[in-house]
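When the chains are written out, they are named A, B, C, D, E and F in that same order, and each has its own residue count from 1.
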Amino acid sequence: MKKIAIYPGTFDPFTNGHLDIVLRSIRLFDKIIVAVATNPHKTPLFSLEERISLIEQSLVGTECVEIDAFNGLLVDYVEKKGGLVIIRGLRAVSDFEYELQMALVNRRLKPDIDQIFKMPSEEYSFITSTAVREIASLGGSVTALVPAPVDSALKEKFGTAEPL
Amino acid sequence: MKKIAIYPGTFDPFTNGHLDIVLRSIRLFDKIIVAVATNPHKTPLFSLEERISLIEQSLVGTECVEIDAFNGLLVDYVEKKGGLVIIRGLRAVSDFEYELQMALVNRRLKPDIDQIFKMPSEEYSFITSTAVREIASLGGSVTALVPAPVDSALKEKFGTAEPL
Amino acid sequence: MKKIAIYPGTFDPFTNGHLDIVLRSIRLFDKIIVAVATNPHKTPLFSLEERISLIEQSLVGTECVEIDAFNGLLVDYVEKKGGLVIIRGLRAVSDFEYELQMALVNRRLKPDIDQIFKMPSEEYSFITSTAVREIASLGGSVTALVPAPVDSALKEKFGTAEPL
Amino acid sequence: MKKIAIYPGTFDPFTNGHLDIVLRSIRLFDKIIVAVATNPHKTPLFSLEERISLIEQSLVGTECVEIDAFNGLLVDYVEKKGGLVIIRGLRAVSDFEYELQMALVNRRLKPDIDQIFKMPSEEYSFITSTAVREIASLGGSVTALVPAPVDSALKEKFGTAEPL
Amino acid sequence: MKKIAIYPGTFDPFTNGHLDIVLRSIRLFDKIIVAVATNPHKTPLFSLEERISLIEQSLVGTECVEIDAFNGLLVDYVEKKGGLVIIRGLRAVSDFEYELQMALVNRRLKPDIDQIFKMPSEEYSFITSTAVREIASLGGSVTALVPAPVDSALKEKFGTAEPL
Amino acid sequence: MKKIAIYPGTFDPFTNGHLDIVLRSIRLFDKIIVAVATNPHKTPLFSLEERISLIEQSLVGTECVEIDAFNGLLVDYVEKKGGLVIIRGLRAVSDFEYELQMALVNRRLKPDIDQIFKMPSEEYSFITSTAVREIASLGGSVTALVPAPVDSALKEKFGTAEPL
């Protein structure tokens, strides 16, 4: 049986920290599904389609990765896709508490679905999508923090792309 | 290539929380090596041989698990065994900070070895080996907190086994 | 003099974790007042009247408990009701810091009113009202997490009640 | 039935933070037992007899307080004394995690014994027995941090009492 | 070269905790610039002009302090003003994680700008602008928590000023 | 008046994280005194003389830095040296709580001495002296984590220096 792992998130936008987690997880499982939450409550900076497209461009040439959208209960989605395990990144203590709570809730809802956590490299440990959006919106450079397609998309969004 | 995961620890003694992590990890990888640290600095309650024997008894009938001792640098041991990934349990914020530090150190020492973290079920979240030793030494019952062979060994160690 | 304890909260909705704290506090004091915050800033899922009614249904047959609404400064309300002490639940580190701050503020405002904190049983430690609302809104079952009247009300609210 | 609360600790030595918790708890319960742990593993600065005597001197004239020694499992001691509830102070996040773990262990061992936590006033929030011993041993003044009898005992212990 | 430190914040409103940090920082540097964020995303209680005016009134007679508004990226502002270092207050663990992240981001953006953190006196450690606004809006007294001009402005804002 | 800052620690051994803090602090003050604690309670890996010598070698050519030993109460030492401020590094939440406590104690003991905290670059955030000693003792390379003279001294201490 193929071992499928689901990596869910909002990815608004996809950062080098997310990329690091995907690339390192590929070696552990047979397939990684990057599952982009549609997240109806919040207004994201990038639309669902844009977010999926930016992840696709960032992962071009990477095998064994599927990019998909999901809504509803995460564990229902994982079950539907035949996923064995959910992958989550852990950066900070505040992440930890939220993730622990969600892990316990998910385990209560579907005991057969497992969850694992990965800590990013120290060079990515301070990069959150929120910080990336904030810096880019104020005109700061995020070139070192996100994949190149995301960097371009942010420059276009905030009108800071250099004229040809 | 077989996907081997290493689950290192002192296991002094092995608890139901540890057992939960082993049993849930078996489904993710081809083989789990429970690697018992010889830990020369501290005087453990149970000797290395006793700790290994108690884990063997607790995991009797479980396939795809190997129990082994290790000393020296964990990442060197993992490499020698052909391990792909290190598994660590995460229970509390204080665990988290220590584990994050060790994960970053290990990644610096051997970038190819990965690490994943698992959170225990809520019913095991408060069980530490230290708490088990403390309660057992004061005559309290730990029957619900450890596998049966460990429970017997603790009762014998502290002279609280009921006479025949 | 009767020893009255106030248990304030938004209770949107009342969970098994809240119920556990009320039931365990009854033995310590002569009377518990569950004080539902009207909370004008946020739009709750359940109206004040619904929240009070759900708590009443969940505590039916329980003696020495009064359910009440309050607005304004908590310490003023406690003083008006002749309360000796405020009871708060503590689940996580993030709770802890907020609660410590509010305890110090309240103590500065009314030094004679005391505060105590209770930690929930591990089986309730991951249940927050926010998680309950989120799961229920996505169609997940919260039957094990909330009292039966709250479970029914959530099913009705989100249209997931089974047809007769 | 009298409502008895147990306030356990090592009290090496008793500080103004401990005193604050005792004095504020008296109003909540019918009797407070300050239970001094004999703590065979560590070598305390003050002997059990000295610690008990210093607490007695610090609480002279206070009604409804008993000072006692205990060893063995705390919950067994509480049961023997007819205690309804254990009182613990909470100062910091690191306290919180340890206390949460012990509360869950105790609840598992004796579900009928309750536990409450109290946060100290901000002026006592940074005082630990460890800090008091450290400062006093280096010749610093702890007059503002501990009751007068403890201050005198520390000066004598470290030879910093002024000659007559 | 003059050593200039920038103390940025929203200061909605300026509290005794902020005042404590300014007054203690004056001794360390040649000039302190209190930099009030215009913060276009949130609607503050006090307008930018009001916040600046309240800080000026609170610091009247204090030398070597300049009060200014800023928008855009903090590190760009600091560079423009010739600032050597950014000063931030640290009260709680949750502050700490956010501040660590921002410090790492700022250091990545402008490696030459330094950041230092100061912990407030214990008597100010629980005062946040949010708590001050909340208490004042509910009619509680914040006289001990904020400078006198801020206290008056809050009373006027919430209509709790006593009639002449 | 010269602005002198004291950077105290055990420095067993001095790491690249410590070096980063010294080098960045030089620009803020007129003089930095690296104050090595004699620490009579613990047995350090390197003697006081070795630790001082390794810091001297690591800081060779750096101006405005003095290396000194101290014992007794830190604030007394700072006062004796005419220090204006104590510098401390902050890496993790557990550091934060301990540092907050010590800052409050020191402020109570000597209100005129200030304290500032600096967060290390992310590349040094996981380096502690304890981790360095542990890795080196197990034969791992710490070349990237400590200044060259410390690296050589560790290799000699643990017999892992390569033969000529």
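Heads up, the rule we're going with is that a residue touches a chain if its C-beta (ideal position, glycine included) is under 8 Å from a C-beta of that chain, and two chains touch if they have at least 3 such contacts.
Keep in mind the model is a prediction, meaning the values are calculated, not measured.
K.L.:
Using the touch definition from the top, list the chains contacting both chain D and chain E.
P.N.:
Both chain D and chain E are touched by C, F, going by the contact rule given at the top.
K.L.:
Among all other chains, pick the one whose mean CA position is farthest from the mean CA position of chain F.
P.N.:
The most remote chain is C.
K.L.:
Farthest from chain A in C-alpha centre terms, which chain would that be?
P.N.:
D
K.L.:
If you average the Cα atoms of chain A and of chain E to get two centres, how far apart are those centres in Å?
P.N.:
Chain A and chain E have C-alpha centres separated by 35 Å.
K.L.:
Approximately how many whole Å separate the CA-defined centres of chain A and chain D?
P.N.:
So the centroids are 48 Å from each other.
K.L.:
For chain D, which residues are shared contacts with two or more other chains?
P.N.:
93-94, 97, 100, 104, 122, 125-126
K.L.:
Spell out the part of chain C that touches chain D in their complex, as residue ranges.
P.N.:
3, 24, 27-29, 84-85, 90, 93, 96-97, 99-100, 103-104, 107, 114-119, 121-122
K.L.:
Looking at the complex, which residues from chain E come into contact with chain A?
P.N.:
For chain E paired with chain A, touching residues are 72-73, 75-76, 93-94, 97, 100-102, 104-105, 108-109.
K.L.:
Write out the stretch or stretches of chain B touching chain D in their complex.
P.N.:
92-94, 125-126, 128, 131, 135, 138-141, 144-145
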